[in-house]
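Two complexes, one shared chain (subunit A), two partners (subunit B, subunit C).
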Partner chain A sequence: MATKTQGRLCLWQLCQLLLFSAGVMSLDCNLLHHQQSKFNRYSLQLLQKTGRSFPLECLGDLTAFQFPEKVLKHKFPQHAQMAAHEILQQLFGIFSRNLLQTRWEKGDVELFRNGLHLQTKHLEKCLSTKGGRPILRLKRYFQRIKDFLEKKKYSTCAWETVRLEAQRCFLYMDKLTVMMKN
Partner chain B sequence: GQMNLTSPQNVQVDIINTNFTLRWTWNSENDFSVTFSAQYQRLFEDYEEAVIEETDWKEMSGCQNVTVMECDFSSAMTDYLYSYNVRVRAEQGEEKSPWSTTLFFTPYLKAKIGPPGVHLKSINGVVEINISSPEENLSRRMWTSDIIFTYNAVFWENSSNAEPKSRTLERRNKIYDLAPRTTYCLKVQAHITSERKVGSFSPVYCIKTTDKARILAYPINLEIHALNMKFLLTWDNLYDQNVSFTVQQLIGYLMSLPEDYSNNWTTVSGCENITITQCDVSSDIYHLGTYFFRVKAMSGYNKSHWSNEIKVDPCVVNEIGPPNLTVSSSEDSLRIQLIPPGESENKSMSEFYDLSYRVLYWKNSSDAEEKIKEEQQLLFIISDLTPLTWYCLKVQAFSPVYKKNGHFSDAICIKTLNGKDSPLSIFMAFVIAMFASLILASFCIFSIYHISRRIRYTFFPSCKPPSNIEDRFGSGQPFSIPYLSTSEEPTENCCIIESIVIEETNQTDIKEYKHSKQNSRDSGNYSNDDDTSGAKVLEEMLEQEAA
Partner chain C sequence: MSTPMYNCVPFAFLFECFLILATFSFNLETSLINSPQKLTMNSQNFQHILSWEAGNNTTVPTYYHVQYIALSSKKEWKDAEECSNTTRLFCNLTKEYDDYENSYIALLKSFTEHGVFNLSSPDFSPYRATYLGPPIVNLTACPGCINVTVKLPAVYLKEKSLIDIYKKLDYSTTVESSDRKEKTSANETSEECFSYVIRSLRLNTNYCVSVAVTASLNSHSIPSALKCIITKSTTRKGDGTIPILSGGLVSFVLGVLLIGLYKGGFICLKSGPWPKVLETTNTLHCSVHVPDPEIVCSVQIIHKEIIKKEWEYCDDDDDDDSGSDSENSDEYTKRGILGRIVNSHAKSNTFVQQSIDCASAESSSQAIKLLDSDAENSEEDQSVIKENESTSKVLFHPSSEVNHSSTSDLRNSACFNINLSTVMLRDPEKTWDESTTLVTHQEDEVDLQDYCAFEEFESKPFTNIDYSKRPDCHNSSHEWQKPSVSDESDTSDSEYIRR
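Up next, the complex of A and B:
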């Protein structure tokens, strides 16, 4: 009985080890930009598809969130990857909460979140430096967006404004993706 | 007054989640009448960090007149993404020491991650581990994103001396296949991979597993097999009796959110109450995103627990099938045209992967060595081959990003051509022959047309000479007659005229009749219009005879 237990436990651990290593080994970090650009295109399409064009009655809510364009001027691919990871992670955080007042296609939002989640994890496995100070700029930018949503009590117009800003984010993502090439 | 008091030394800030502690040292520790006060200022960076402003120094709430050498100043901090300066001084009555050196810090970068919450449950031999984030349910949060953390658990069997093992956990986990009535212990820590931050461990939690449930066993060994984005979930058949299965699916990101997702499992369409141990789960999988699957067994009113959950990252799990190919050969090269895998099933793998293609080719002889050629295009030309030789080849698609090699196509063998009969020369010959025959044919048609027109013009002019001219020629014969051959040519048109002649010229001389018969036949032979003219001639002839 004891050996059987031991055997089972070992098998369990072996399975975990395999699962874990499979996750780590699954993507080539030097070539990730190929896959990233596919993802950007797909996400932008989903964002556009999920709602209609920007409602005219929300024009008053348009806000300049001031994307820190400095992050697009880093020299190293690692920094671009880091910035891309931060953008996806933050977008996931924003689009996972308080969406009740929007009339967006539920299925599209689900797919959008699920994609963001997976791609964040893919990028995470490839990060070779720590975020540190340069990433703070991006965090502040997203903090401005979150504060805006909160101030506007997550109204439909506030969400439409943020959806528009998220589409802009994916245009920046395209630039970062190009920078991710070695 | 006189500055007798010395400044505090070694000022430092410790931050765990959103709990801020200021610490310092001071040399004459025994003097209890000395208190300490701290000040702070916030530094403003604009969004491009081009300008840095400093606010005035403010008194730090929570760190005024403290008698110990640390204080909690969490309430003074509001913006964790901006930077602060802090300083401390000692005070005794009216006497104040100079300020300590200023300490600069940015809360987010300085902060450490606190321990996560761990909740263990043991049900029917299965252990459930639920993890809550280090700041769950707190209104002030340093770590704002729900997916910022990965959780690492260290676990061991309590009674054995085996080395503790570590593994990453989801927020919610079910651990199957543990030994019954055994105590397991674990502690968990949170990581932020992108910041290289490693959190502190939770306390150690232990739990004793129970006996396995004496109900229908849950399905085990769930596996997902995918080819060209068709996903087949399989599991083991453990059952003697008639059992049916139901498969459920969960969209992957929900596992990372703090909310309870147990109501979000949905039954996969076509995988409800099935009696085989496999099911096609492709319908609800979208390739960019993870999914979880679980299976339950049912026999009459007996139901098993849900199986363990299998996680599917579609593009990683999927296998790429072989591409379709058409091969043609010339004297020294092979031309391979590819169709991406899955294209025939309307799921082209080039939509999902950055596909490249690898051709393996070899001479079809015993000492053949394989050669490899890789391209991103769908057209391969393998050149510098020997003429009149059999070559074999097979092709696979592969994705460099996913480090994934597709299945090879079946080997195809083809013979290179003889040098003289290269496809190009055959093609050229064919084209020239086509042209030549085309020209010849059109020349023939043209000349036939031309000649026939000439003949008609010469022998059968459309204008008829006036009847008085005809009369001069005697016996009413038209111009054309002297030139005509008189060979017997059978025609249908003549029959009508013949019968007319026979009926209407009973008394006519047979010679004359014959003559006119020839006449009418010939004119009727060439055109319908001439039929009537021929008939007119006959009528005139008859009139003459009657006269």
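Up next, the complex of A and C:
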């Protein structure tokens, strides 16, 4: 008799576990856009705080990198999620490069990079598919930034230009986050 | 030793003079240039105003020139309109910063007769830096709650609103009362005008409300001014009494209705069976078979040939009276005989001469018709009473039970009750053995009733006696019971004797 009741309890607990886990997992991705919105705000503040005002002497290095705005016109949440994931991943890659010539606070930069990494992983959990044409466009865009940095030899002004562009990226991220919400 | 002292003193004096001159010159220079200070950008709802403070030397005339540049690929400094060669200490750059997603740097140039001094502002992104609000707030009180209506402020951009720019805004509410302060956040809106209700407040208490609006990437906001309102007390007093009164009225009306129905006999509380006595109520009334009041006529029947035959009958039955028959016969001829149905053989030539002194003479003719019709229909069981014209009707009170007393009231009525079962019919040519009793059918009784039919009755078939009329049985029974009950066998004799 005791074994039967124990068996029944185990089965019931298993059922509960499955149900709750399903709920928990779905909840995580349902609140993704809220969490992403918070991340965007925090990261942008960090980025603004890291450098001070844009130096006037670097005005000559200003370059139009031409962000692919077609990405923002895809209205499917999955596409927006994929685009956001790609942007964060690329930014992480860029800001992991040679920052020696910058006068930025290292602590702030580290925080910024860690946040990027975590959010990238978070988005990966909720993504079902990867790739697609908008991703290619984004890849080309970030390649242009990387090429610019290399060309300018990671100078202070180059980094300031890149920082300015990264701030603009977060504006696009904010729009993508709104699209991520069904 | 004294000589080094002489060398130090002039050197120190010179150095001191140099310092003083340097300080003075520097001050002079700055005062001459009159550099502006505290360059600040005040931006509210995308209205950007760059302001500064004048230099120390206010006496020196200074002209200001503002330029701006958008941090994009176009590396061109542009001149701000209305801010060229101005002595004002501010410049409106709303129109100049038209691309709200871009960043701009403003450059202030101050001109004096001595030179130009440049001062640049930090890079400014309207999207991220402008202050949002204050929203327009309207409050309405309700019991224990406040209804808040918020309208977003207008934006100093062409054909744009805050929702157009940010798509989605967050708003937070600050509720202050006399003892505590509470702020609620994490609310979203995507409408220019929206409303919501602050609940769980105390009744009849003064609360002050302030609303602030922020965006996801722009946390700069100006909250609305505190607006105060007193929450309402409980709902109207009349709200509870009206349903109670209406319920009471409805129940009262229902009660009156039920009582009325009960009194009227439509509702019976007792569900038992009717007493047996009551069950026969319907039949009791008309078990007597009393017809409607009839016009009783006194009829004189003059028997002629009948007499003889009857006497013959009587001789057979009653030997005692045989002797007096002849005498009586003479009496009978003299006196009128009360009408009595005589059911004799159809072939007998009996006829009854009757005189009627009824009020309704018309009815007699009609009765005659009935009699005639009956005579046609009937055969041996029915007597044919005919005369030339003055055949009259014989009244009968049909009843099988009261046949004894049916001969009542011989003085007033001419109706007799004869138990037909005792009447014997005989053909004078035949013997008594072959005589037959009157068939006491219901039909006969019905036929008897036909004879008694008057105006009121003639149109109705007797089989369909209307029992509902419930003739007054009491009066009729009195008529019945008045005479003494006599034997059936003596009825015929008694009648004759009385007459």
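Quick note on the criterion: the second predicted complex is superposed on the first by the 155 of 182 C-alpha atoms of A that agree within 3 Å, B and C clash if a C-alpha of one lies under 4 Å from a C-alpha of the other, contacts with A are read in each partner's own complex, and residues count from 1 in each chain.
The working rule: contacts are C-beta pairs under 8 Å (C-beta built on N, C-alpha and C of every residue); 3 or more make two chains touch, one makes a residue touch a chain.
Keep in mind that what you see is a predicted model, and the values were worked out from it rather than measured.
Legend: residue contacts after superposition of the two complexes on their common chain; A:Asp108 is shown touching neither subunit B nor subunit C. Contacts of A:Arg52 after superposition on the shared chain: subunit C is touched, whereas subunit B is not. In the superposition on chain A, contact of A:Gly60 is made with subunit C only, not with subunit B. Judged by the touch definition given at the top, the superposed model places A:Leu136 against subunit B, while subunit C stays out of reach.
Contact residues on subunit B toward subunit A in their complex (touch as defined above): 47-49, 81-82, 106, 108-109, 144-148, 150, 157, 162, 165, 167-168, 175, 177-179, 182, 193-196, 251-253, 256-257, 286, 288-290, 313, 316, 354, 400-403. Within the complex formed with subunit A, the residues of subunit C that make contact are 69, 71-73, 75, 101, 103, 105, 120-123, 125, 127-128, 167-168, 216-217, 219.
Subunit A makes touch with subunit C in their complex at residues 37, 40-41, 44, 48, 52-54, 56, 59-60, 62-64, 164, 167-168, 170-171, 174-175, 177-178. Interface of subunit A with subunit B (complex): residues 5, 8-9, 11-13, 16, 20, 22, 25-28, 31-32, 34-35, 38-39, 42, 66, 68-70, 82, 85-86, 89-90, 92-93, 96, 110-111, 113-121, 124-125, 127, 130-133, 135-137, 139-141, 143, 146.
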